[in-house]
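Think of it as A, B, C and D in the order they're written, each chain with its own count starting at 1.
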Amino acid sequence: MSRGDGTVAAGTPASSFNEREMQICTVARMVEDERTYWVAGGGGPMYAVLLAIRLYAPGAQYITEDGVIAPEPLLPFEPVMTMVSSRAGYRALAWGTMNTAGNHAQLGLMDYGLLNTLQVDQHGNINSTAIGTYGERARRFGGPGGADSIAALCWRTVLMTDQEKRKFVERVDFISSPGFLDGTEGARERAGLPPGTGPHRVVTPWAMYDYTTDRRLRLAARAPWVTVEQILAECEYPPVVADEVGVLSGPTEEELQILRSELDPRGQNTGERSAWVVFDGETYTRAAG
Amino acid sequence: MSRGDGTVAAGTPASSFNEREMQICTVARMVEDERTYWVAGGGGPMYAVLLAIRLYAPGAQYITEDGVIAPEPLLPFEPVMTMVSSRAGYRALAWGTMNTAGNHAQLGLMDYGLLNTLQVDQHGNINSTAIGTYGERARRFGGPGGADSIAALCWRTVLMTDQEKRKFVERVDFISSPGFLDGTEGARERAGLPPGTGPHRVVTPWAMYDYTTDRRLRLAARAPWVTVEQILAECEYPPVVADEVGVLSGPTEEELQILRSELDPRGQNTGERSAWVVFDGETYTRAAG
Amino acid sequence: MRILAEGEAPYLAVDPDGFRAFVRDHKQRALKPKLMSAHDAISRFVADGDYFVFDCNYFQRGPSTLVREVIRQGKRDLWLCGKFSYVDVGLLVGAGCVSRIDCGFFWPGATIDRAVADGRVRVFEYSNVVMTLRLQAGAMGLPFLPVRSFGGTDGFRHSGAKLVEDPFTGQPITLAPALNPDVAIIHVQQADVYGNARVFGTGIAHQESALASKKVIVSAEEIIDTEEIRRDPGRTSVPYYAVDAVVHAPFGAWPGNCGGYYGSDTPAVIETFAAIARDRVSEYVEKHVAPFADDAAMFDALVGQERLEKLRAAETITEGYRP
Amino acid sequence: MRILAEGEAPYLAVDPDGFRAFVRDHKQRALKPKLMSAHDAISRFVADGDYFVFDCNYFQRGPSTLVREVIRQGKRDLWLCGKFSYVDVGLLVGAGCVSRIDCGFFWPGATIDRAVADGRVRVFEYSNVVMTLRLQAGAMGLPFLPVRSFGGTDGFRHSGAKLVEDPFTGQPITLAPALNPDVAIIHVQQADVYGNARVFGTGIAHQESALASKKVIVSAEEIIDTEEIRRDPGRTSVPYYAVDAVVHAPFGAWPGNCGGYYGSDTPAVIETFAAIARDRVSEYVEKHVAPFADDAAMFDALVGQERLEKLRAAETITEGYRP
């Protein structure tokens, strides 16, 4: 990905920001120029790709589930109006429908899928359906939406989630969208999914994960204000840890300027309850959220 | 069908016309009002439906293979410009593509299919691919085009062809488009075709045919200037003959007026080489073509 | 072509021949005016027990006026096509209209959580695209369509899909069962009285839903002259012969955004989310639906012309929406 | 899901995974200008032995300029998608460019009759709709699509289709193999330099052909600014990332009709028919193609500006064609 693994940012380190902003900036730096993204409607994924297009990957293009192709959206969005909305679809190159998005991804035209999720497991499987024992005692969630198609059909899937114990598990309570399934070689192909696709990265406000050659989640980099131990303490099932865990750069003033003034001036997504971090020029200090 | 079997026409019997005009007028009288027709591109079928809409079935609607839905075409057509042409698609209610036409017929939205063909057999199978032994010594023709879909998917198929020995055979040399196939009950369904569909009528310049309950071609009516014997002499394989063979009305002055002055003033289709017939007020006399 | 795996969930019976017969007997081929009130359209064409699909959703060029009318008339035992939905599913569940849901996505919350936990509502699992693909199969008159996604998920196990051996490649391929809903409700920007309908902007599956469904209700911001349809046939999204009822419904997508016509009503959007989240749908219905004969009365009482005009003015984008 | 019957004809290998890999490696995701001459587009993107699809035909908003360029460059051993064709198939066969034809429909005549009888060309049998459905399957990234027609015909026996037992209904259903051509040529009214293309009026399978094909050449009457594309995204028929080359080809559908732009050139149409009917394609090529560097030169020499202007003037219909 452009700027390698997202640990490098251009600009002046920001002195104060929240961890949601950190997560969005990290993903933005991973966006590859002149590639296509199927971006889950709204939230972190869309702000990350919009920020990337502004700063790092001007030639990246994205589609959304409603068949918007390569728009130049009119920002900011009204709350939840990120699909089938005139501002979100503004100045697109083409307008289609949900089957347009599904078919184009099925054809292999989408390089990356960018998603939020509720729960992820050691093989990158995604749960957005139910927490608990499905069909018995479970809390019901909304279902995969477009995520199943994104995770199945885009060449590489990048996941955004929070760094919380219950979100990193050995096996998700329900596979809503496919990662490496049971983790065995060829498991996706045996299920009819296209070869060469699958989980690529997971990004939280504290960390970035990739996958080992045997398809296991691996901690690859950490935010400068947290230790590997702190991260592992927030994983119910411990991921593999890379021999060398990189250190992510904090957000830059340039990134926050665009994020806060252009993309999300109301802080609808970037202002979510999340801890604040201050940088005194040498060290980052986290104020409990 | 409106006006029953097409034997009855409104207006003044025409005193002079050719047999192609007779065939078109016969089919026009069979067109049912407020029904949908998938009309093969150009030729007799389209002129028949256009004439019907003018005189007999103002509420009939038609589509063509290129996805024109319910047009009000700008007549006359330039030669062969009867599909994907601005005059043919003029003032349509919707424009689609070939798959639009195929899907709408597959859904059961098309009541009638109206076709020209090269050869038909006792079970209403249609050949437009090859005359002779396919793959060995055969004269090559153009293939089914849209006719296979029309004959498979519209509820009732009406066929137009010439009254010539080689056109009415026991079994077509090649089934390009399906009639009752081998004629056994359920043959179409066993081949995956939708139930309740199939051959309905065949119309030539001399005769109209329907089908027996056991799916065999049956001579139902004749032009007033030919005998049943003359018709049978022009069938390589003799059709069943109805107990009472009706007599078709000749064209009316009103029909010919519209056909000649509005629909096909250049006689592109209606002026084809075909015998002329004169009517002296009592008898029709055919002048060899 | 062996069957390698099958989902275990009940699904609406796949019957393309039965659908063809229904189309033959009930779809109007002639150009007949179909303009009627939301009340008449819903009472005539939505029956208890119907499989029910709405296109888009309550916030995004969706048939919100028609959804409110379904709630007003207290329809029961509906089987929802719950794709690309925010609050629609929650509202209909909370109002007691629903017994089954095919899930693509819906906004979760206490209302649905409770209904599922209590067993009042059963949920079968798909994805948004698998649901729109099922509708496409139905709209093509086919029994199924293949798809390269969905296999291997737990959703597959709780669905009506099958994994088979592709007779052309020998590889495993998922087949999604066709869906031919009993009724579809769709909101569009423009339609004529016959049902020739124009959608501007992106959409979810308006064309598929209209062609796949036995009964189709289209609500439109504007009723336009058929002459206008004939002047630009390339703009027709749904042809008349698929449509059974046309409802003139200005602000029919309120509180949502209707591209080119009006912006979303943010406070009303947030209020609706809150009703679902806190299982207060009955209060929502008591306030927005029950007291009023129709949406016009509701708009007068709760929103007001001035507010509606503000929403119109807030929609500054017309490019691509106003031919 | 038993296989009940299978056609016996060779068909282009069904390989959706291989097509995905080609798309991943070769389709340009970035917005890069692709404007080039017909000569460069055909020489770069059409190879001997390619599976070749043209949309519409030589007389009806078809890529006639591109077809002439294929003949001019003497491409060989093409496998034609011969659907909805009048003279295109005959011209390409007569010019010696063709070894195989998947037949939907083509205008018959001495040229094709002879080539088939001599065994120079093999024909495999489909129908127009089955061919556009095969392209749709290819455009969806699927290995096949079901279809309710084609079963029971002799065409089926001489095709690549299969009749199987539908696992959902237990009834027989025909499956048509997906088609992913090597190259597609498509003529449109408007395109931008990136390949965002607009078709006005009806069509055959321009969208399916563009998305299903490895290499896609679009010729356009007008090259329009991308700003115009962005002002009305609902008018985009083919998105840029499916397109490899854009050719500015005024009168690119001559001698045919191009909706909203010009009428057909009747004497030239009849002359072309005659060439096929009488197996005089070589004379046709000697007159219309061989002597000229490109169509512009041919138009100057054989048609003339005055005649071209007459054809423009003859197209009085603009409704639906000029946004």
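Observations
We take it that a residue touches a chain if its C-beta (ideal position, glycine included) is under 8 Å from a C-beta of that chain, and two chains touch if they have at least 3 such contacts.
Keep in mind that what you see is a predicted model, and the values were worked out from it rather than measured.
Counting C-beta pairs in contact across A-C and across A-D gives the higher total for A-C. The chain with its CA mean position farthest from that of subunit D is A.
Look at where the CA atoms of subunit A average out and do the same for subunit B: the two points lie 61 Å apart. Once the centre of each chain is set as its mean CA position, subunit A and subunit C turn out to be 29 Å apart.
Separating the CA-averaged centres of subunit B and subunit C is a span of 41 Å.
Shared interface positions of subunit D, i.e. residues touching 2 or more other chains, are given as 16-17, 141-142, 147-148, 171, 173, 201, 230-231, 233-234, 319-320. Multi-chain contact residues of subunit A (touching two or more other chains) are listed as 89, 91-92, 95, 106, 194.
Taken pair by pair, the chains that touch are A-C, A-D, B-C, B-D, C-D. Residue ranges on subunit C touching subunit B, taken from their complex, read 16-17, 19-24, 27, 29-31, 139-142, 194, 196, 211, 226, 229-231, 233-234, 236, 239-242.
Across the complex, subunit B meets subunit D through its residues 64-68, 74, 78-81, 83-87, 89-92, 95-99, 101-102, 106, 129, 134, 139-149, 152-153, 174-178, 181, 187-194.
On subunit B, the positions that touch subunit C within their shared complex are 33-36, 59, 61, 69-72, 89, 91-95, 103-104, 106-109, 111, 155, 194-196. Subunit D meets subunit C in the complex at residues 1-3, 14-17, 141-148, 162, 164-169, 171, 173, 175, 177-178, 200-201, 230-235, 319-320, 323. Residue ranges on subunit D touching subunit B, taken from their complex, read 56-57, 59-61, 82-84, 86, 103-108, 112-113, 116-117, 123, 125-130, 132-133, 136, 147-156, 158, 163, 171-174, 201-208, 257, 259-260, 263-264, 266, 269-270, 315, 317, 319-321.
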